[in-house]
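All chains are identified by letter, namely A, B, C and D, in their written order; residue positions are counted from 1 within each chain.
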Amino acid sequence: MDMLYNILIDPFVQMVDAPDFLIQVVWEGFVAGVLYALIALGFVLIYKASGVFNFAQGIMVVFAGLSLVGLHEKGVPAWLALILAIGIMAILAVCIEKFVMRPLVGQPDIILLMATIGMTYFLIGLGEVIFGGEPKQMITSELGLPTGSTAFEMGERGLVILQHIDIAAAVIALLMVGGLAVFFNRTRIGRALRAVADDHTAALSVGISLNQIWAIVWFAAGIVALATGIMWGARSDVSFALEIVALKALPVLILGGFTSIPGAIIGGLIIGIGEKIGEIYWGSLVGGGIESWLAYVIALIFLLFRPQGLFGEKIIERI
Amino acid sequence: MFYREAGQYKTSYAADQQIFPIRQDRIGIAVILVIALLLPLAASEFMLSAIAIPFLVLALATIGLNILTGYAGQLSLGTGAFMGVGAYSCYKLVTIFPEVNVIVHILLSGTFAAAAGVVFGLPSLRIKGLYLAVTTLAAQFFLEWCFIRIPWLYNYNSSGAIEVPGREVFGTLITGPAASGTARYYVVLAIVVVMTLLIKNLIRGRVGRQWMMIRDMDIAAELMGVRPLIAKLSAFAVSSYVCGVAGAMFVFFYLGASEPAVFSITLSFQVLFMAIIGGLGSLVGSFFGAAFIWILPILLRVGLPALGVDVAAETVFQVAQMVIGALIIFFLIVEPHGLARLWAIGKEKLRVWPFPYA
Amino acid sequence: MAGSPVVERLDEDTFPKILLRNARVFADRPSMREKDLGIWQTWTWSQVLEEIRSFSIGLQDAGFKPGDRIAIIGANRPRLYWSMVAAQSLGGVPVPLYSDSVAEEMAYVLEHAEVRFACVEDQEQVDKLLSMSELLPKLEHIVYDDPRGLRDYDHTRLHSFEQLQVNGRAALAADGAREKAWLDGIATTKGADLAVMLYTSGTTGRPKGVMLSFDNLVISARNGNAFDKLNETEETIAYLPMAWIGDHVFSLAQAYLAGYCVNCPENMETVLSDRREIAPTYFFAPPRVFEGLLTLIMVRMEDAGRLKKKMFDSFMALARRVGEPILNGEKVSLVDRLLYQLGEFMVYGPLKNQMGFTRLRVGYTAGEAIGPEIFRFYRSLGLNLKQLYGQTEASVYITMQPDGEIFGDTVGMPAPDVEIRIAENGEVLYRSPGVFVGYYKNDEATRTTKTEDGWVLTGDAGFIADNGHLKIIDRAKDVGKLTDGSLFAPKYIENKLKFYPNVKEVVAFGDGRDFCAVFVNIDLTSVGSWAERNNVNYASYQELAAHPQVYEMICSHVDEVNRDLANEPMMAGAQIKRFLVLHKELDADDGELTRTQKVRRSFIADRYAPLIEALYDGSTSKHVRTEVTFEDGRKGAIEATVEIRDMQTYPAAGSGLREAAE
Amino acid sequence: MNAFVDPVGMAGHSGLTKGEVLLRVDNVSLSFGGVKAITNISFDILKGEVRAIIGPNGAGKTSMLNVINGFYHPQEGTITWRGQVRRKMRPYEAASHGIARTFQNVALFKGMTTLDNIMTGRGLKMNKNFFWQCLHWGPALNEEIEHRRKVEEIIDFLEIQAIRKTPVGRLPYGLQKRVELARALAMEPELLLLDEPMAGMNLEEKEDMSRFILDVNQQFGTTIALIEHDMGVVMDLSDRVVVLDYGRKIADGPPEEVQSNQDVIDAYLGVPH
């Protein structure tokens, strides 16, 4: 009975007892969710345009952050380092398109997936060779990002502390999504991208080559990765451990669907908040650390009931 | 060129359906087996312990993954965790029943992995492709978490690691730190060869055909009387069993001691690479893939300094990782069906020699 | 014939008796294999005896009597071979027919041979026979091998082979005396009895039934075996028509005498791969098979990588240089021998493997002249390929090439027990124990072919060359003269041209005319592959045949032939002055070729009279319209404008010198 | 008694005799998210007959086959199989009850050879357990060989010996269709559903296929229901024809009768409703 009580009743009692703590947890989850969503956004961009399931998005985040920090360590001013990091992501995008995507065009999904895992290996090695393997401190203040925190009092019941960098992250994420929405809907290239997502031959009629489109998409994903890297790095460190965390984008995508930008955001938030609450209120029952798998299990359970995802339509199988 | 198939006619179905219907192939495989048997005579302890044994074990793990992904078409990213289940089960079995032959434990430990595989394979009935990969990731992270958070699994060892005790078979020490490389090598070789043979048999029979039916066209398979539940779960079970046995061997015959991090997603990816580079749906490819992914970095690590490239050990490791990454992409571009396909093409070329095609 | 010393050595003089011997001596050795249901089903000699015995008894109970004739129609199936010996053991005579002949052709032979029984392969043949039943009042029973589709047929006159065997086994089991009676019946068969009747397809007139006795076949087969030291360990593959004497002797007579194993391919599409699986040690094929194989090899090698092609070419050059000498046991330098060994590993061995000749001990080609280049090619690989010259009327063997005395342009020395003579008009005559009994119901033909004292006119013109070997130049009746008196041997000229892989068929004209001119048929496989490599587009045979570049190619071949002919004093007069490439492939369905793919010269001359006229009236092209039969039996017509080319001729070798001197 | 009457042992195993009702479809309706694919259709298939289902594109023919072998479950109506009403039968259950089919777009197992593809049809008849199979020895080997032999008989029957060991992906379309038929035959079905068996074939291939279909029907007594566009083929092959149009049945009867039916003619000529 104790067991059941601990699982079914006690966590909720705790939530009600300490609403400030609950809000703090939800906020933490929200911020983590924003970062998941940003990574997922990178996935979605590429998946939409080329059908490639980009496992390397995580390492791209790490690589982008490392480039920025690494360049600054070498004495480059922060603003220049930022521009150079963007440049590096552009070069990376072109290289990926030229040496990986183009030769593999038309291959089955699993092969493309494998190629991005190969890219992951390559970039990990490259990053370590250039910047070394140790975690690095993000140059938050040098980039003009806010530090410090604000505490909100919750009447008598306690207080909630919001880190400014987290708020900045949420704002930047919002701007990024808005920017992408404008990019997709208002620009010629953006429309071409959507055309590609629907039909590869249709894109040709827009007058943009597929190769260009892919390079642009990978570049866009690179910029998203850079932003993610900065934010995440500011919260913890810039390290290769991020690469594993980035896999969380997968359950996010399962929830949100592989091609939906709003889906990525909503999925990210559900996962982020869900796993934080789960960890804090239930994790201790089994020794903690359930954050490492809870997201996947949430996705798994979700899949069993809605195999087509949150926004997908029911598939009628045909023969 | 070497093939002289003329005159090799079959007068019975048994002869026609044997694993190596061509005489020259039978000779080739016999030669390879003899070399494998004689290897300890020529090889150093390092070669046996650091190359041959892990190569064979990982080849078996790759075969395990290949059953699931290559033959039954279900993508899995949780191989490492299933190997871990095997390793931890074996460790527990050995400590609980110390008097039982350790090889029995190793073979038994696979059944625990198989059970885990079936549980995490259940979603495969409703989920396909990349979605399924996510559920196997759930297995990976959940099981990895279990290895850390359930102290019973490592006998409440303060280091959180498992230490392999020394065990004898026929009076020879085959596990633990004091066991000789030769002894461990022969045990591993025997298990891997026998299991490969058994799996080959399974694959060329009804069960294997059912897996391939599901892989190639699941709807048609069902309309031909294949029960998806049974076909898919049996693939998960057999695959996980094999991976579990490989995992147990990985710890008992190679590492000697292990911590949860060994069975992380990195190992899953490594085995997946072996399967892909080797060629999905090919047993011989599993060996090629394991050799490629396991032995190449060692060669690079040994080879680069030997070539006079003076670099730090750490850098060599990183360069090796880059090279592997690049080679994976290169291989996917050149031959997405892996080394096994290259092998098949090469063999076909030799069979039709001197003609360019049949 | 009775004087031949071989006859006295005979113990078993009929195939049923030899069967009994083999079942005793070679009991557990394989007698026959058939690729059926995916594997080589094998029957040992003792099993074959059982199969034949039970069928034979079943046949007897179905009303088969001594002296009855049984038609055998179908592809090379073990049961059809067995049915022949089963009939012989009852004193009957098998009459194998070409299974691809149309119903009317078949009806003539069946009626002429007065067959009461027919043993056929499948529904197709049954239907054919039933469709003619009104024409064949004497045909009473039809036995079929494959029951497929025949289930609902009226089975009063129709029996399955299997059913007759079941009946036979039941009869044997019910009555112990049956087996003895059957064996007694076999004991009464004797060498002089009629063994088989083979209808020659004949380039002109109705087919003639060649009657061969057991003695004819048994002695010839025994001599053939002795000549090439064939024994029970040989493997052969039976794929040529059963109605053809060659197959009858190789797959039945010699196999029984030596006790070796005959392998039946799965079906006609798989002959190549089936031969490869079996790898026969003793193999027989008409030249076109060897030509086809060589073309296939060369076409495939054209697609090989440059390095491989170069290696192939250089090893083939080596083989041409030293291959034959090594095969003939002549002296060759050690370096060359070593290189040849390397070539054996790299090229010759694999090639033989591909063709299924790895185990070949003796191979024969006959029926027509084989191109010297083709012949040399196979021999240079180390294959003991030989030529023989034979006829149905001789139970095959007239001349054969002994080991070590192989010449490309002659057909060998007289076979054992065979005498040869050249008549004044150049026609070749022979006398041997294999000489046929006579043509069935055609004494006149028998008289004009076989003299009182046993000499047979071959109908071929030839001479004994300096080395003592026979050289055949043409059909005796086809050899003619140009108006200037020079000798015109059409076949001789045609063969020279046909030896080019690009040329499939040639028809030469010239008898009684001013000069020699030819029709050419290109080889679609070879020229088609050339066209593919050279980006020459074509939609049909017709279009390819008329292509200017193809004409150039044929032109150069004709030119080479002319130079060649100029070097032969007897033939130099008949060089090719004009030629054309025919707009359609000569086809047996249109009656232009015989069923054995031989050119029907007079028919073609008739059919294409306008073209022949154009050849001789100096015009450079001619529009023609030709009726054709399509594969599905529909008729149609094709039209084309055929181009005619003039060729240069060369002075004969001797006279050329003289002219130069003047 | 002819020992070869039933070489593959395929004669019906239902105990029904020729002419009895093997399958009956009663008032079946099927819709996908509001779109009606089949509306209130009834017909029957008699043991031993060749039954054709024809109709213009989108008439619901393939959906009808999918209903019969349990791939779709109709919202209304019943299906009676050998006198018993079937409820929500899964496709693999239909297969084990003796219903086999071929597909409009060839659905062979691309990674396997012709032989293995046909062997898959024997799966339901094989029952040796896992452990024997691992050993591939004793009972498992005998079973494998016994079924290989059956498969070889089918290969022989359909004259595809030359491609026995060719991976099916390399075969031309016409042969792939034949292999698919072979695979369905290997199941020794009581009812064989053929979804456009001659689509995309040339004249010669169509003739061959027609011959094989008739041979199967006659030799093995297999009941056949086929969808086909080529009216000539349908008239030659079938005993009775059902005509569908826009998911409704508009005619049912012998070919010659159906051919002259005004509704059918209108449907084929595209007369608006």
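The rule is short, and it goes like this: a residue touches a chain if its C-beta (ideal position, glycine included) is under 8 Å from a C-beta of that chain, and two chains touch if they have at least 3 such contacts.
Just so it is clear, the structure is predicted and the values come from calculations on it, not from any experiment.
Interface comparison, C-D versus B-D: the pair with the greater number of contacting C-beta pairs is B-D.
Taking each chain's centre as the mean of its C-alpha atoms, the one that lies farthest from the centre of chain C is A. Chain A and chain C have Cα centroids separated by 77 Å. Centroids of chain C and chain D (each the mean of its C-alpha atoms) stand 46 Å apart. Between the Cα centres of chain B and chain D there is a gap of 41 Å. Chain B and chain C have Cα centroids lying 57 Å from one another. Shown for chain D are the residues that touch two or more other chains, namely 71, 103, 107, 148-149.
In chain A, 319 are the positions where the chain touches two or more neighbouring chains simultaneously. Multi-chain contact residues, meaning those touching two or more other chains, occur in chain B at positions 13, 219-220, 223. Those residues of chain D that touch chain C in the complex are listed here as 2-5, 115, 148-149, 152-153, 155-157, 159, 161-162, 164, 204, 215, 218-219.
Residue ranges of chain B in contact with chain C, taken from their complex: 1, 3-13, 15-16, 352-357.
Here chain B touches chain A in the complex through residues 75, 123, 126-127, 129-131, 133-135, 137-138, 141-142, 144-145, 148-150, 219-220, 223, 265, 269, 272-273, 276, 314-315, 318-329, 332-333, 336, going by the rule given at the top.
On chain C, the positions that touch chain B within their shared complex are 33, 38-42, 276-279, 297, 300-301, 303-305, 308, 311-312, 345-347, 349-359.
By the touch criterion stated above, chain A contacts chain B in their complex at residues 53, 99-100, 103-104, 107-111, 113-115, 117-126, 128-129, 133, 244, 247, 250-251, 254, 258, 286-290, 292-293, 296-297, 299-300, 303-304, 307, 317, 319.
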